[in-house]
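Both complexes shown next keep subunit A, but they swap its partner, so subunit B is in the first and subunit C is in the second.
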Partner chain A sequence: MTATRISPETATALAAFLLSMADDEFVIGFSDSEWTGIAPILEEDVAMSSIAQDELGHARALYELLAALLDDGRDADALAYDREPEAYRHAGLLDHPRGDWAMTMARRFLYDTADDARLASVGEVWPPLAELIAKVRREERYHLMHVLAWADRLARAGGESRARFVAALEMLAPDASTVLTIPEGEAALLDAGIITRPMSAAAAAWRAEVAAILGPLGITLTLEPAADAVAARTGHGDAFRWLWGEFTSVRRSEPGATW
Partner chain B sequence: MVTAAALRCPAPTTAATTTPTTTPTTTPTIDGAAVRDLLRSVHDPEIPTISIVDLGIVESVAITNDGIEIELLPTFVGCPALDIIRGAVLEALVPLGRPTTVEFTWRVPWTSSRISPLGRERLAASGFAPPAEPADVRCPYCASARVAMDSAFGPTQCRSLFYCRDCRQPFEAFKPV
Partner chain C sequence: MTDPLALEPVLTPRDHADSGARPWNEDLSHDERFTLFEAHVRASGKIEPNDWMPDEYRTAVLRFVEMHANSELMGVLPEREWIMRAPTLKRKLALTAKVQDEVGHAQLLYRVAEDLGKPREAMFDDLLAGRTKFHNVFHYPTRTWADIGIIAWLVDAAAIVAQQALRDSSYGPYARTMQKICWEESVHIMHGRDVVVTLMTGSDTQRAMVQEALDRWWGPLMQMHGPRSDRTKDRDLHWRIKAKTSEELRQEFLTIYVPRILELGLVIPDRELAFDDATGEWRYTDPDWTELRTVVTNHGPMSEERLEFRRMNRAATAWVRTAILAEPRAVA
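Showing the complex of A and B:
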């Protein structure tokens, strides 16, 4: 770990950035794992389980980087499981209940495309993160292929499939930009080269990408930038409190449990 | 099938070590080749016909005054088999009688092109198509090119589901990453 070359100010900003990315992957991973056993068809049951497993793996690796950076005695499990719901910093987009299949695909579509723009903004100056992101992007490519195929299928199917998918996209759209926020310290990350473009630039690229995909399907979404970068990742509601209760249940019933 | 238990697999620590309980009175010379030979006895936990060496996940073997340092490359970031593989490596190297460290690194991404020719043969013999772009996948049973991908996602993170239209056999193919 080469965290020693990073100034204290940059380390604080980097920790916030790592926490937001880790919490995003962790929360969407656990949300998607709720489909294990009940997805519409067997292949999708397997696909969502595999995607969820990938995301939880990415979260674990990011929490490990964060644990090494913070060096405060907490390991990846402690960071993942031993916080109160208010302390999680995932994007507001991930705060909605799982909903139906169209809702899950709409959320994955907005998240995967935004996450891709975020990952493409990470520079190479801090090798522990750059190396991990290079590896993660090789896996996320499959998630994108999967969700783009579903977006196409649902939108072109017409009828109830299209109606539900479009309604879900429109319901989630006001929160979609929350993925591309850094709570604080973006200037320090840019100065250090840990990110190579501001998240506003990543968001512009993402909006163009979404329009290029949805336009040919006859869908227009309004994706306003998040008004408040802090509020975008705090104030989690009842849906997240329920999920938190699920994913911390073992850890709370047996403190320090590993499995 | 991925189980709920697998989804909630714990985070492995980044390194593990063993310390021999007895120190050999003489210290025989060990070279990297000897270590790699022993690592050929460590197999993928799910595909026992292929060794971790032929799978291409052994990135480096370093012999130092302090012992043996092994660097491994996970095939997928969230691979739940990492702890099992780490344990098997430590056990396999016990006969060398040196303190051993096993670390997983992302420094070099594991890509499916790291699988050796022998590894590809062994995979095919076990009914798994070696990693290839979908258009280049061949049926491991009858070698037909008339195959179709059913799903990019299979029972483990690193495998996809295919179907052979000639011998009508479903099979799994390693994902190219």
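Showing the complex of A and C:
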């Protein structure tokens, strides 16, 4: 199946799915890059910058795929930068400010594990996406190893470290399921085989995975399913408005210019 | 036009430690060792961390490398502010990678310095308390996106002129580290030039932005290598820790970059600047050495703010370093 042979209904759903994944990677890439230059140790600074670049690279590839699908004259940069804040479709989990290192690692832990469950749900029928996801998963494997090492270390260090990490997990937990939502047309994507299981099934697998990792660390987290797939990815608050103001500032200073 | 410096292969075969005899390591009197050590260094030999070395040499190398490491670390901050504002995905990726390189350079250099006997935390303490220094150019604000182009192109170019000469340093670990650093810096120059060329071929506002940035950065750039000095009295040259004088580096920078700056239609804000055929050197308005002294003693426009930002972040992440060093506890 190629992009041109996808039904209009499936194309709309696919566009929404691609946009939600691209915006997720774009926004978490920005949050991660806020640590560039100021991470707790130099070695971690270098690691975090690499992760940020990976995420932004994934976002760019997904926006490019979306641009080809939409074919409306917008390129990846236009899709990434030239929207009003309300038009972004990233998960509510990513709407929190960067916070401290515990918040950053708690967010990465919840996002990386949920994203892994989402990526594992993508089928083979649309090769452009399937090929991209295969590449993305090769890199995300290392992000998972990185964050699991940190989760283990922060939890087992006890004291302030554990307290901060557990508090950050508990604060983010109510929003964590938002990653496993598709804003519209999930049924069409399932019918077409672009995804192979509903996001509710992916979320169940993810909750089991999280419990299996946190259980041995003595941490129990309540992860309720996201109530509303649309609300999960809209209504972004002040933290994102600030971020949007920053990342569009140079671009808005001279609209239409080449940078 | 591609920058020849940027393309010069910097990954020459590794400078391994001389395999020959290292007689100054033998059980000799201090003076005998000193004489043998000095002869080796003066004959372009390399010194390795486990070699015996006079305190004067150890202290001089440490001071030089520590200042370089501090500069890489503090040099992260002016550009870091613009990572969030980079106007395209490509620029955002390139700038993140560039700043990441600088952090990586700081890490490499602090490790070279650590080998000489000063712990990393002690170097951070001294930097943040103002007891050690960092390069003048990192004490200035970055006001527009054009600064990002000018810094990566010209500040890094001025730095690479000095750093390429340091690949011949007598201290082996430093010389080898500089090979990797120079290679990465040459990529930064291409990134910076690409940002500048894009702006210069853009709108009038964008061109004006570059000229305004160049006007602000020219003074600090001309001061960057330091005042003229007497080659015979320079201890770092004597020990071959570095290979060229300040003026040699400045002349080299001007020879390579003045034509490149002019070809883009930029105006260099120095009416005295001209190549003197008689002396074979560039003439220029004497840089403001008072400004240089003021700035590098942490009285520059952004000195205190940047140091305070580092102090604040170091304090805010202290608990993480404690957690890393803690003995893991049983849980569950």
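We adopt the following convention: the second predicted complex is superposed on the first by the 254 of 259 C-alpha atoms of A that agree within 3 Å, B and C clash if a C-alpha of one lies under 4 Å from a C-alpha of the other, contacts with A are read in each partner's own complex, and residues count from 1 in each chain.
Throughout what follows, a contact is a pair of C-beta atoms (placed from the backbone, for glycine too) under 8 Å apart; a residue touches a chain by one contact, two chains touch by 3 or more.
Computed from a predicted model, the values in this text were never measured in an experiment.
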item	value
Touching partner for A:254 - first (subunit B), second (subunit C), both, neither	second
First, second, both or neither for A:138, with subunit B first and subunit C second	first
Subunit B versus subunit C as contact partner of A:107, first or second or both or neither	neither
Contacts of A:60 with subunit B and subunit C, given as first, second, both or neither	both
Per-residue touch tally on subunit A - higher for subunit B or for subunit C	C
Partner chain(s) touched by A:50 [first = subunit B, second = subunit C, both, neither]	both
Which of subunit B and subunit C A:154 touches, first, second, both or neither	second
Partner chain in contact with A:233 - subunit B first, subunit C second, else both or neither	neither
First, second, both or neither for A:36, with subunit B first and subunit C second	both
Contacts of A:76 with subunit B and subunit C, given as first, second, both or neither	both
Intersection of the subunit A residues that touch subunit B with those that touch subunit C	33, 36, 43, 46, 49-50, 52-53, 56-57, 60, 63, 76-77, 80, 250, 258-259
Complex interface listing, subunit B residues touching subunit A	1-2, 4-11, 13-14, 76-80, 105-107, 109-111, 150-157, 161, 175, 177
Contact footprint of subunit B on subunit A as seen in their complex	29, 33, 36, 43, 46-47, 49-58, 60-61, 63-64, 75-77, 80, 127, 131-132, 134-136, 138-139, 142, 145-146, 250, 258-259
Of all residues in subunit C, those that touch subunit A in their complex	76-77, 80, 82-93, 96-97, 99-100, 102-104, 106-107, 110, 145, 198-199, 201-203, 205-206, 309-310, 313, 316-317, 319-324, 326, 328-329, 331-332
Residues of subunit A touching subunit C in the complex	30, 33-34, 36-43, 45-46, 49-50, 52-53, 56-57, 59-60, 63, 76-77, 80-81, 100-101, 152-162, 164, 215-218, 243, 246-247, 249-251, 254, 257-259
